[in-house]
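First subunit A sits with subunit B, and in the next complex the same chain sits with subunit C.
So, the complex of A and B:
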């Protein structure tokens, strides 16, 4: 029984970490209508930006998160404006393929600068807390709280600010939004900054939990996609629900299959969801 | 030098098959396969396992074709009715899962050690130099046959229906074309060709491991097809040979930019590949050999 509870607890924690980049991915999809495979590189860039601040200036987790958000967000806007924007008329599929190329470039920029080694954040070690039979690290609790804080901020931003409302309007109906005087281009830039920045935040949370290297983002890409597809592509609350579902599913199935198959679980979840309910838990139509 | 040239041309032919495979669905029906490296791996492993169990090489190649078709059905089964972005995501995931299986199912694939001693046809009889020449001829011959068949397909009613689906799926449906069946068939054929390419690669290298099937290969092939000309088999082929040439040329990066670590040189080369793909999209999205679109017949 406690094995099961521990798995669910781990799943909830994985879910909160995955939810942050998954929101970023699904937000970019909702507004710009293409799946951005470069989200992996934004995660990596953010993880490295935070690591750099941590090891060079001794920054704690909170400032590292802020720096990662800014650096990854800037990388996202630079990629969009520098490379992807002019390809939009060629169609979503072309842009999606170009994001793979952009992902390759960004990933190799981090490899060029920092090499292939795994880097860990320099943070004080604390012993795991125990509740009855369950174990949990204080850093993990802190990560979960930080992730929840970030998500709350995102929801407040979307709900109450002008830019957030404009983003939702464009996602809903771009022509109507334009009629109302919303400039889709500015909304696109905001979305990219927010989406890539969130991926970067996710990178720091992951790196604090384990470590960071140039492929860190690529390794969680499938899980992030699974979260977004399960929740419904383009739905931000869906991405959160999907992330918890995938996180728990992963941890539960690790009781039965070897841990190396972790990302295969995400793939299986995507296939199942697309077969039986393609629009996802909270999404709109998918065909 | 000659041996090196033979190697580059053989690899160009194998990439050419992958490019033909991608061109059939991307240029033909507007579907993408971001897991091409996975289908490549499936074919290589299928043939290596079957011939490892004692079957002759042609049976191995047939097994690779079948394995490719089966893999193609797996990924298209749940996504065919959906928008094309879903197929992109699923194929990408598929390649990752193939890599995981190859790494972990040691009883079948020997894990990260890979399968060595994949039979190279007639290598003992021909000697190394003779084998290299023979294999280049074999690969080039197969490329030529596949190219001719796909070109024929391109101009056939099936090929034209695919292009109609690419341009406007709903309209093609209204015109009575069985859209889903055609897309499924196109993807299955394409996956089979990618599997065949994998088998040819395995029997050439005589050793395969999960490291041979990096996602990077998929990007090479996208570069080949978009540079050569999406929608035109000849363009895809030219693109594939061009990409091999380009990749070999980037080896000289190390000499042009001195004082770099090996890992930095590798990073620079991959950056060049990514930049090249984006540049092609910018400068010549129609490729070297643009698609030929015949004018509609006149109303009489």
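So, the complex of A and C:
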């Protein structure tokens, strides 16, 4: 019983960490209408930006998150403006393929700058907390709280600010948004900054939880993608629900199958969803 | 000076054959002008081109004396053209209040006051303020779409089949709403399937055939022209 509870607890932890980049991925899809696989590189870039600030200036988790958000957001905008934007007329598939290329380039830039080693953040070590048979690290609790805080900020931005509403309007109906005087290109840039920045925040949370290396983002890409598809591509609450579902499913799978099959859960989730409910749990349209 | 003066407009979609083949039309201050005609005559395409959603290949669009032919839709909205499309004319995933607010994007300072006046004019919107727009009935959605079009303080309204899919009662209400708007001095250019009703409330009307205007006249006169009745009005 406690094994099961521990797995669910771990799944909730994983889910919260996955939810942040998954929101970024689904937001970019909602506004720009292509899946950006470069989200993996933005996770890595953010993780390293935070690590750099932490090891060089002794920055704590909060300032590291802020720096990661800005650096990864800037990387996202630079990638879009420097390369992807020109490919948009060729269609979503072309841009999606180009994001895979952009992902490889960014990943290797971080490898060139920081090397292949696993890097850990320099933070005080604290013993795990125990509740009956369950174990949980204080840093994990902090991560979950930070992730929830970030998500609350994103929801508030989308719900209450003029820019957030413009973003939802463009995601809903781009032609109508233009008729109301909203410039979709400006909204696209904002969305990319936000989406890539959130991936960077996810990178720091991930790195604080374990460590960071140039492949850190690529390792969680499938899980992030599965979370977004499961929840319904383009739906932000859906990405959160999807992230918890995939996170818990992955951890539960460890009770039954060897850890090497863990990533198969993501594939299985995508396959099942696309077969039985292509628009996802909270998605509004099949696209 | 005409509010809108369109000369020899040519436009179409992609590489396909042109839909508009030299269409011309003008709207004078205070007028309601209707465009009627068979399906495929290019009526909706004409409105899209005037709103900027479709870039014309030839011809000019002058709005209040200024050439706006090359402007994007945002630029034309800023100039004072407000287009209410026939379909997908509200943001379904936003609430009624958010739809109105985002439609006042160009002038956020004045948006609240204008929304308050629109709630007063269309009480059904005030009732449904917090409902998602996609949950509205057809008539309610059409009213919301029109109210959204008014949030930009337009100098010209373009309405694409505002009564499409509405019950006869809702359609009558909508024509009343259009006439009321026009009484305030707002010029309106609309495309309508309900040709008789539309011409009855219009100052002037145009009959579009095969991508250009083939007849023009005062609204009621056009509605009673035997040749036009025979061809388009089913009588």
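Definition applied: the second predicted complex is superposed on the first by the 286 of 287 C-alpha atoms of A that agree within 3 Å, B and C clash if a C-alpha of one lies under 4 Å from a C-alpha of the other, contacts with A are read in each partner's own complex, and residues count from 1 in each chain.
We take it that contacts are C-beta pairs under 8 Å (C-beta built on N, C-alpha and C of every residue); 3 or more make two chains touch, one makes a residue touch a chain.
What you see is a predicted model, and the numbers here were worked out from it, not measured in a lab.
Three-chain overlay on subunit A, with subunit B and subunit C fitting side by side and no clash.
Comparing subunit B with subunit C, more residues of subunit A are touched by B. Once the two complexes are overlaid on the shared chain, A:67 sits clear of subunit B and of subunit C alike.
In the superposition on chain A, A:230 contacts neither subunit B nor subunit C. Applying the stated contact rule after C-alpha superposition, one finds that A:216 touches neither subunit B nor subunit C. In the superposition on chain A, contact is made by A:101 with subunit B only, not with subunit C. Judged by the touch definition given at the top, the superposed model places A:274 against subunit B, while subunit C stays out of reach. Contacts of A:41 after superposition: neither subunit B nor subunit C is touched.
Within the superposed three-chain model, A:192 lies out of touch with both subunit B and subunit C [touch as defined at top]. Seen from the C-alpha centre of subunit A, the directions to the centres of subunit B and subunit C diverge by 90°, a value given as a multiple of 10 for the model superposed on chain A. In the superposed model, A:93 lies in contact with subunit B only, and not with subunit C. Nowhere in the superposition do the C-alpha atoms of subunit B and subunit C come closer than 13 Å. Taken in their complex, subunit A has these residues touching subunit B: 29, 34-35, 37, 83, 86-87, 90, 92-94, 96-98, 100-105, 107-109, 111-112, 115-116, 218, 221-222, 225, 229, 233, 258, 260-261, 263-264, 266-267, 270-271, 274-275, 278, 286-287.
Subunit A meets subunit C in the complex at residues 162, 165-166, 168-169, 171-173, 175-183, 284.
Interface of subunit C with subunit A (complex): residues 51-53, 72-74, 77-78, 82-83, 85, 88-94, 98, 101-103, 105-106, 108, 148, 151-152. If you check the complex, the residues on subunit B that touch subunit A are 30, 32, 34, 77-79, 81-86, 88-90, 92-94, 96-97, 100-101, 103-104, 215-216, 219, 222, 226, 261, 263-264, 266-268, 270-271, 273-275, 277-278, 281-282, 285.
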